[in-house]
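Take a look at these structures.
Heads up, the next two complexes both have chain A, just with different partners, chain B and then chain C.
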Partner chain A sequence: MLKSLLYKEWIKIRLVVWIALGLSLVALINIFLKVRHDILFVDASNYWYSFLFRGVTYFSILKFLPFIVGLAVAIAQYFPETVNKRIKLTFHLPVSENGVLIWMHSFGAGILLAVFLTVLVLFNAGSAIFFPANIIRASLLTMMPWFLGGMATYFLVALILLEPMWLFRGLYAAVAAGFVTIFYTGASIGAFEPVLAPIAVITLLLSFVVLFTGYRFRKGEM
Partner chain B sequence: MIKFSRYILVAIGILVASIVLPSLYWTIFEKVPRSPNLFYSCIKDDFIVVDGSIRKSPAGKEYTSDEYEQALPFMFYRQLMADGTMPDTIKGVKMETPSIARASSFYRYTPKRTDAPVPTLWPMLESQSGKVNLAMPEDYFRIEKRMEFIVAKTNEINEEKSMLFTDALTSEGFVFPANIIAGLPTTRKSVDEGYFITDAAGSLFHVKMVKGEPYVVRIETPEKLDIVYIEAVDLRSREYYCYVFTGNQGIFVVMDEVYDLQRLPVDGFNPSIHTFRLSADLFNKCITILGENWYEAIAVDEMYQVVGTHGEKWEGLYERPEGKMLASLFPFETRMKDENSAYVRFYFKPSPGIRWMIVNLTALIVAVVLIMRRGWPLKSNIPDLLITAVTGIYGLIATQFFPNKFSKVKPPDKK
Partner chain C sequence: MYAIECKNLTHYYGRKLVYENLSFNVEEGKILGLLGKNGTGKSTTINILNGFLQPNSGECLIYGENTQLLTPETKSRIGFLIEGHVQYSFMNIHQIEKFYSGFYPNWNSAPYWELMSKLKVTPKQKISTMSCGQRSQVALGLILAQDPDLLILDDFSMGLDPGYRRLFIDYMREYAKAEHKTVFVTSHIIQDMERLIDDVMIMDYNKILAQQPVDQFMASFRQFNITLSSPAEEIDMDGIAVNIDKVKDKIEFYTYSTADEVKGYLNSKGITFTSFEEKKMSLEDAFIGLTRKY
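Right after this comes the complex of A and B.
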């Protein structure tokens, strides 16, 4: 039954996942074609200089990609469940109600993580052609909060969608907006380094919060 | 687990509220902080305080625009020359434009410089190319397990050059990896003096490239220095190479050619919270150390002997009405950025005093009233009440946004 349950989740999000991967690929190709073009025109040493001493990043188009992907996967996965309260059917399966929700949520988060890791691995491979480890490390440090922000967005949007009352949806959305903004605070290259571990832990803890509205949904909070 | 998930949400709510509400408050009530500029006048042999549009002596006498310009002939020499009021000699020294320009410099250090991400790759310029203009090299160096030069075009290491420089560093007793690397990675400077580098053991080195060969000097320090920041400067006077900031041993300059460390007569400077300014002219250097609500100015002559000091203190942030108000409303505030750092962190700032307790108590009463009006038992809401008592408005908002209804709803029987 677990297999069928996960297959149902996959059916809901597969289109979004393929589109997300496709878009990311297009973005990455765009990034590295542009780097190649610019290096031909301004010389590699000048290109490195603008990264190191002027803070010009070559990957800024990736900034809101994780946010959009996280948002899209959460909507694709949880919005259909809220239409006519379909998720109640799932809760009637002979498994624990929390257990079902945890499986659904872990599956979605796992797929999202896989998409993000694919993007990061490809980014790393592409960067290694043009840049030394020092620049790649600084780039990954700069991008890490954006990808963590994508995960946090997924968790929080799931929370908001499963909430049965519109008033509370609005209140959660206000908190979620304030929180996700932290990940996308404008900062210089590598400036997030000291805060990466704490926000990673908070993001991990956020994976639990869907249980809260899941509970409210089940208990028919009105 | 469900209750736990609610507390995570409450915690996030408190975090977000403690960032957003004070930030909103400051957007409305923040006033421009005082940050006076100090200069030392060789005409009056006294300081001049420039505070906004007011220029005055330390004694409080205000200067007109003309008096101000005449008191600082080196800063305004072009204006004074145009007016015909520039003295021919000052203190027996004939006034000539090139020497005035050569001696003038200004430098400013803020704590943000030290607490900031730094580049780990640097260009090593040729310092004696024989050409008038400096040129950027094709490669960048890093100093990790050894000193490596990476050619940008190929993204490959130049082994020969790397070995040459690594050996030169090793023979001077350099302990890898480097800690601080400071230089001026630009061609827009008068000469290239390479880099000032501290090694893993904390020793200070001067490294540059002369005709393709490494030039390495180990700079002897009077005592073991806890160096936290170095800034290379390009002075027209060629007096010194760089400023060296230590944790609590003061500020030094490394004298040009001879590598003597000259300690600046400044005490109690903390590079992680204080700002440092130095303006130099033909006769004096005026050093200003600024804290959040005070400054201390020290004027020295060309031999670094103190010729005058002046200090002032004013109301701190939490003594001013807007700061007091904030400290009464909120028990603490959280910021993602801080004026003393370029890093993003959770900067937790507890409010001084205990006035915020009144608002916290009010929040607690509101929470109790809300719970009683809904007919919930107080007993099962004790954690919420504790949270509200400690975090005040933030806790009240967070616990109401994510309501605790577990006590009210009876768990249905399992089918």
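Right after this comes the complex of A and C.
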């Protein structure tokens, strides 16, 4: 049963996932070609200095990528379920309704996490060619809120799409816009480090709110 | 033994009453057609049966389980056709068969592929690009392959041309009778129901007007076309008349009474007429006669 369910979810999101990976790869190639070019013109120590003390990031092109990918995966996965209330078919499967939602959500979040980890691993590998470990660590800490924001976007867009009432959708969208903005607030390098753990916990908790809209749908809210 | 038991259902949308204390049962092995005009509560009933709506009070049981709390085992015994033959249209016919087959222990793909072989679709064609008639055959094929004990078909005729409607009905009737399946069906096209159902349940606003075997209903509910002696004759909707349509001196008199009883009734009211004949009705005529034209 689980294999069948995940098969359906994969059919919905696979195109978005391949496009996301392709775009990420292009973005990473662009980043490191530019870094190589800049280091050839201003020597490496100057380049590192501008990163550490002037806050010039070489990876800002990645900033909204997790947000866009989280949004795209959530829409690809949950929008088809809302057309003609197709989610009824899913809830009618011989599996518990909460169980089916948890598996769908875990699968989407797992795939998103895999895409993000792939990007981060490739970023780490590319950075290791040009930068010392402390710069790489600072870079990853700076990017971490962006990727957490991508996960939060996925969870919140799923919540909005599955909500049966437009009024509630509007309320959720307003809250989501405010919350997701926090992850993309301009800040100095590594500024989010002290709050990374709390916002990671909040993001994780957001993954469960989809059960609430599922319950509302099953009770006939409209 | 009942496949479906609904007891004292009451439901409101806001302040609008849909129905109050509605009770009905569906016997195992029977095909029951739920008829009603728009807004009388057909979709509400289907949603309650499928656990997608909690009534304000009362409950529906399917195989003894409350429909709000159906176990996966009981859900696997129910085939559900959503209004408009909605399916996962982002899949093709191979993908959707592979998907559903993983959920049902009695999955039998033979009837599905038999139906698919009649469709002029390419193996990789997405369901979303198929015609409504082709989609109906996909939905029907999936239900037949699931081999459920109870089939809930919500407005199966929506969007289908006469050929596909006939194909759907004939397949469904033959399958249900051969396999002793229970079917709960709604449709806007009542002439289709006549070929399909054993029992009929006719709903009006807030109540059930009739629930009985369709043969019994058609034998007992009658239409008499009467020409009055004068257009000025008045006839009231009381006593034995279920419904009366009067245009000048012509009246259509709908009743559960016999011709002699109607004539006796008219005489007792002092109403004279120049012609009196019983008209043979189709199920659609009887439905209109019972629920009125508007």
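Going forward, the second predicted complex is superposed on the first by the 222 of 222 C-alpha atoms of A that agree within 3 Å, B and C clash if a C-alpha of one lies under 4 Å from a C-alpha of the other, contacts with A are read in each partner's own complex, and residues count from 1 in each chain.
Rule of thumb we're sticking to: a contact is a pair of C-beta atoms (placed from the backbone, for glycine too) under 8 Å apart; a residue touches a chain by one contact, two chains touch by 3 or more.
Not measured: the values here are computed from a predicted model.
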Legend entry - Which superposed partner A:N46 touches (first chain B, second chain C, both, neither): first
Inset, instruction - Check the residue A:P80 against both partner chains and state whether it touches chain B (first), chain C (second), both, or neither. - result: second
Inset, instruction - Could you say whether A:K219 touches chain B, chain C, both of them, or neither, answering first, second, both or neither? - result: both
Inset, instruction - Between chain B and chain C, pick out the one touching the greater number of residues of chain A. - result: B
Inset, instruction - Look at A:K8 in the shared chain and tell me whether it touches chain B only, chain C only, both, or neither; answer first, second, both or neither. - result: second
Inset, instruction - Please write out, lowest number first, the residues of chain A touched by both chain B and chain C across the two complexes. - result: 219
Inset, instruction - Using the touch rule from the top, collect the residues of chain B that touch chain A in their complex. - result: 1-2, 4-6, 8-9, 12-13, 15-17, 19-20, 116-117, 119-123, 136-140, 142, 150, 152-153, 155, 185-186, 336-337, 342-346, 398, 401-403, 405-406, 409, 412
Legend entry - Residue ranges of chain A touching chain B (in the complex, touch as defined): 43-49, 52-53, 98, 129-132, 134-135, 138, 159, 168, 171-172, 174-175, 178-179, 182, 185, 187-195, 198, 202, 205-206, 208-212, 214-216, 219, 221
Inset, instruction - In the complex, go through chain C and note every residue touching chain A. - result: 47, 50-54, 72-73, 75-76, 78, 80, 82, 84, 86-91, 95, 98-104
Legend entry - In the complex with chain C, residue positions of chain A that touch it: 1, 3-5, 7-8, 11-12, 80, 84-86, 88-89, 91-96, 217-220
